[in-house]
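This is the structure I want to talk about, given as structure tokens.
We call the chains A, B, C and D, going by the order they appear; numbering starts again at 1 in every chain.
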Amino acid sequence: MQEASAQPAHVHAPPEGFLRKNVFSLDHKVIGKQYYALGLLAVCMGMGLSWLMRFHLVWPTTRIPGLELLSKVGAPGGIITPEYYLSLLTMHGTLMVFFVLTNAPFAAFGNYFLPIQIGAEDMAFPRFNMMSFWTTFVAFLVLVLAFVIPDGPPISGWTSYAPLSAVGQDAGPGMGWGMNLWGISIAIFCIGSLLGALNFIATTLDLRAKGMTLMRMPICTWAWFITSCIALLAFAVLLPACILLILDRTAGTSFFIPSGLVVSDRLQPHSGGSPLLWQHLFWFFGHPEVYIAILPSMGIVSHILINSMRKPLLSARVIIYSMMSIGFLSWMVWGHHMFVSGMNPFSSLLFSFPTLTITIPATIMTMIWLGSLYGANIRITSASLFALGFISMFVSGGVSGFFLAQPSIDIVLHATYFVVGHFHMVMGVASIFGVFAGTYFWYGKMTGRMMNEKLGQLHFWLTFIGTYCIFMPFHYLGLVGNIRRYSAFVNDFTGPLMPLHKFITIAALCTGAAQFIFIFNLIYSHFKGKPASENPWEGTTLEWSIPSPPPWNNFGDKHPIVYHDPYQYGVKGSKGDYIMQDSPEPSAG
Amino acid sequence: MRIKHIYLAGVAILAAATMTSAVPGGGTVSGKITYEGTPAKQKPIDMSKEPSCAKQYSTPTTTETVVTGPNNALENVVVYISAGAPDDPAPSQAAVFTQKGCRYTPHVLAFQVNQQLEVVNDDQTSHNIHPLPKVNREWNKSQPPGTPPIVDKYDKPEFIPVKCNVHPWMHGTFAVLKNSHYSISAEGGDFKLPNLPPGKYTVTAWHESYGEQTQEVTIAGSETKTVNFVFKAKPY
Amino acid sequence: MSSTTYPSVRAAAAPRVRSAHAEASRSGIWVGICTITMSFMAFISALYVRQGASADWVHIVLPRILYFNTLALLVSSATLEMSRRALPATPEIDGSAVRRGLGWLTVTLALGLFFVAGQYEAWRQLAAQGLYLATNANSSFYYVLTAMHGLHLLAGIGALLFVISRLVVAGNRFRRSTFEATAIYWHFMGVLWLYLLLVLRTKL
Amino acid sequence: MGKMFAIVLVIIALASAYPIARHMYVPPEDISTHGHAIDDQLSDTMAEAGFSFLGAQLVLAFFVWRFSERKDGAKLKHFPGGAKLMVTVAFIIVGAEVFALGVLGQKAWANVYFTPPRPDALQIQSQAGQFAFYFRYPGLDGKFGAIHPDKIDEGNQNFFGLDPANDIESRDDIVSGELVIPVNREVHLLMHAKDVGHSFYVRELRIQQDYVPGLDLSVHFTATKIGRYEIVCTQLCGLGHYNMKAYLNVMAQDDFEKWLKQKASEQ
């Protein structure tokens, strides 16, 4: 009876009715899928925007048919105006960072699999869970609303540097209501994420099945747990920042706006504010946010790699500790975004050291992954391919961090395409690879049908090669000094770079198109995919001990008891070369 | 394309001259705008940041806040009937404001309330048009080369400063007026308000740097009254 | 399948025996307190940076009523403790059994409402002095900080109302852990306010 | 498939490294006195980064080639040395790199920021506004007239908001749209932002510094090569950001003085 008491007294009864089942569901699995769907929607929009931007950059005078319908002012005659380019840029960044990179690997997969992997029936607070999704959804709607209002979306980038973002209408088109919507949306998003993170932490701490000690949790559970700890503090800082920004814009306060600014020939009625204050608050959130995006993917990738290698990592603990130390260090490095922004030059050095230090845990993780591959018997699947691709991407994006972590080199590379290449690879593509891997790996469990392997692998090859074709050249452009966030390249020295830009754009269009294979696969397999068995990948963790898809209360009425560390591979088990976590048979080790 | 605009502009000017509440063969108010004192020195404009414009000028073009002519003539002064004449319906022709060589032509564009305004970009670069009205609705739009003209109208009379956010030196004025009796002092500072029906009028002269002056004038029959304005010029 | 037993299996470390949900709601509230603290830290560090940013920092005199509010809030924490004492220590509480605790709870609620009203009065007094949100940096921070604390306290009042609503109806059973969580949160609000008062007093 | 992954990855890695190895894309020639330190730093880092990049990618490729889809019953092996070795190696190698880069970086950075401008440095004030740079020379009296934001009148080229009517000091100030400096003389550039955040970036000078509204920042540098270079804004400042640029014109001393005279006559 003890293990029973270790379980929540039934958190919720079996859901009745369509709404309760699919829309306002308390079931963490449904909520996880909802987050995934939201992320998918957001990523499609974000990708579309990047298409428009890339197209405009290399064919600025070519009409884009139908674009006028999206915005008559922004794209008169289908030609994108400079401010509308910046609108697209801002929305691309905001959608991708908040609604894709924060939602998909963390909220979506975390919601679905964290409770299952620790043997819980649901999250600790199912109602909070539902609230956090719908809050996030509202945030999404508010943000997208900016596309349809006459003012148009804001033009100050996803970092919304004050005072550009704070002085309002005078700063340019989209900086009136468009910018207000941005601030409100992000504030709401913070609340949603805080609720989510709180839920994750409480669940991990208290709802673990009998025998599921912390060190017996799968690596991805650990990743989600650490991530939620970071998110809990990061979004708690962004929220106040947004509130202050909104007050500056609407209530006439002067938190971020100094005296004597003349914008559009108008003297601004503010005084004494500090633009750097915004940058500090924003990046204090902003840098941990990078790890909120990447850590879950690290976890997912490790989880999948181990499964397809059929042997445990050299050391799971080291990975976990590395993730912790990255999470810890991420609080001391925000200033490396501000090397040339007028901070005290000494503090630049102060921020530079911990930044460089982060390379140590990162390198350790990479070496653990690589070393574990040695002597393995890797099963090549779409999932494992994307996992391996993740390592490659992580390395490529990581080494460029070497440059940007040094203030002196940052003088040359700051705000160039080098930076864009760096964070797109390490934060964007890498964590998206984690999401792809997770999708191919868990789709069967989530829907009861397997995804199509052939399409999956085709999707991988196109995406893998494509992303390198897009983002590697960014670094070259940066080295020459090509500035980011330009809607047209009017500088004398950018002329010779246009062929490279054309190449990037074409690669982007192709790679983007390749993603439709994935979306098609998602939909097609949902109906036509071959039925998924309980444990198609011969996995060891708890999610493989229950039917696919799992029943509403995950484990039915039985409460799993955990006997082993998560990854008992390469051993003689009753089922094969592995032993399930909840199987009482003795482990080899 | 360009031909059309010049044609349109021509029509607009023509229209300004012969319009509704004006009665053919009515009275005329004419005169000369001059200044006294030393006007501010007009400075050369550095367009080096916009090569496509800079290369259109052999010697750098200068600012146009105070444009003067021989013997103290003052140009770009809007002279109009501020009181006494009834409001006129807007003419059908559009007033055209052209951006050429990173300058506004005309520097001061006068048109009527609810008359259609067309902003045209004749440059190879992308311009931004940001009129800064106080009573009318504000807008701020960019106009890449090869995009259709921006069309708009204002529903309240006002003198509206216009600026290009991309090229800080580009400044002009929209003079939005109630009736069709207006004229902009040309070279030599001369102006002419023809076809005025008999009556008592207030004639106002407005200059972007020197403000405005008014004079009363009474027209009986088809006479021609002369009204001169003298503005005080300051070196700074 | 777990019918066959393998003696060699290391006995899995058994988690705590108390109800997992009780644990969850407790750690939930503490985690929540962490994040709230963090965001107030953000506000206050913003205050410090802003003060250093320019010389427009002018001292404002706090309305005296704040101190009465503070007193009320502290007393309310005490009364909440009284009602906690009064409630049975069982994990499940039966509404009809706890009239005494209910009385103290109502007093707590009343004091909480008094605090909110008092804070509002303090705003009115500042406004009367011509100090509004946008008047100067100090007044801005005063309004922002008090408003944020007020919002969080209102959430606490909501929780109190919920607990009371569960208790008044006889035969209603509800988890003591819910009450515990509410209590922890309420006390935290008191502590937070004391800290804020200190900051406002010394910095503004 | 595993083998294919390995091949593709090797191709990608080499293709990515090629343009770097051939120096196809490099910063323009350095014309500053402090820039060489940054350039050395950059090439050192490039070497280390390139080494780690190629090393990791090739090892990954090799392991996937060697250890994927082996026939069943293939013996699983563990990496000799295991996790301990990995951690120690990572700590030693990367730690050493980090330390080296940190220290070197400090030197290069110090050259730019920790040395005060020479007292005889030529003082020029630059103002960044949406969307152009303007530069101001103190004129004969060697003093800058005060800035009055309410007096700013771009239509009349009064970009700094000077008040010549009442402020004598401002009358002889020379305002220019391009930054003209004498070669081999230190310039102390005082940076003032008119509206929002901007940035001053000259690739050849190896100088990048933000304009922060409300903060009086400054940079100092010495240009060693006569020529015309582009100044660009690197801090997103609004719709005209892409078009916010000016020219840095490095002249011989006497040309510079001629230019200054001619400019003064235009004011």
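Quick note on the criterion: a contact is a pair of C-beta atoms (placed from the backbone, for glycine too) under 8 Å apart; a residue touches a chain by one contact, two chains touch by 3 or more.
Since the structure is predicted, the reported quantities are computational estimates derived from the model, not experimental observations.
Enquirer: Can you check which chain pair, A-C or B-D, has more C-beta pairs in contact?
Expert: Between the two chain pairs, A-C has more contacting C-beta pairs.
Enquirer: By Cα centroids, which chain is closest to the centre of the whole protein?
Expert: Of all chains shown, the one whose C-alpha centroid lies nearest the global centroid is A.
Enquirer: Using CA atom averages as chain centres, what separation in Å is found between subunit A and subunit C?
Expert: 33
Enquirer: Return the distance between the CA-based centres of subunit B and subunit D, expressed in whole Å.
Expert: Here subunit B and subunit D have centroids separated by 45 Å.
Enquirer: Roughly how far is subunit A from subunit D, centre to centre by C-alpha average, rounded to an integer in Å?
Expert: 29
Enquirer: Measure off the straight-line distance from the CA centroid of subunit B to the CA centroid of subunit C, and report it in whole Å.
Expert: 65
Enquirer: On subunit B, where are the residues touching two or more other chains?
Expert: Residues 126, 128, 142, 161, 163, 165-166 of subunit B each touch two or more of the other chains.
Enquirer: For subunit C, jot down the residues that touch at least 2 other chains.
Expert: In subunit C, 53-54 touch at least two other chains.
Enquirer: If a residue has to touch 2 or more other chains to count, which residues of subunit A qualify?
Expert: Correct list: 81-83, 172-173, 258-259, 264-265, 272-274, 276, 488.
Enquirer: Between which chains does touch occur?
Expert: Final set of chain pairs in contact is A-B, A-C, A-D, B-D.
Enquirer: Would you mind writing out the residues of subunit A in touch with subunit B in their complex?
Expert: Spelled out, the residues of subunit A in touch with subunit B are 60-61, 73, 76-77, 79-84, 169, 172-173, 264-266, 488.
Enquirer: What does subunit B use to touch subunit D in their complex?
Expert: Those residues of subunit B that touch subunit D are 40-41, 43-50, 63-65, 125-126, 128, 142, 161, 163, 165-169, 171, 208-209, 234, 236.
Enquirer: Which part of subunit D faces subunit A closely enough to touch in the complex?
Expert: Per the touch definition, subunit D meets subunit A at residues 1-2, 5, 8-9, 12, 16, 19-20, 24-28, 37-38, 41-42, 45-46, 48-50, 52-53, 56-57, 59-60, 63-64, 67-70, 74-79, 82-83, 85-87, 89-91, 93-95, 97-98, 101-102, 105-109, 112-114, 129-130, 147, 149-150, 152, 154, 161, 194-197, 199, 201, 203, 206-210, 212-215, 217, 230, 232-243, 245.
Enquirer: So in the complex, which bits of subunit A are touching subunit D?
Expert: 81-83, 86, 155-157, 159, 161-164, 167, 171-173, 257-265, 267, 272-276, 310-311, 314-315, 318, 340-342, 345, 348-349, 352-353, 356-357, 359-360, 363-364, 366-368, 370-380, 385, 388, 391-392, 395-396, 399-400, 402-403, 405-409, 411-412, 414-416, 457, 461, 464-465, 468, 472, 476-477, 479-481, 483, 485-493, 570
Enquirer: Once bound in the complex, which stretches of subunit C touch subunit A?
Expert: On the subunit C side, the touching residues are 1-2, 4-6, 8-10, 12-15, 17, 19-21, 23-25, 27-28, 31-32, 34-36, 38-39, 42-43, 46, 49-50, 52-56, 133-134, 137, 140, 144, 148.
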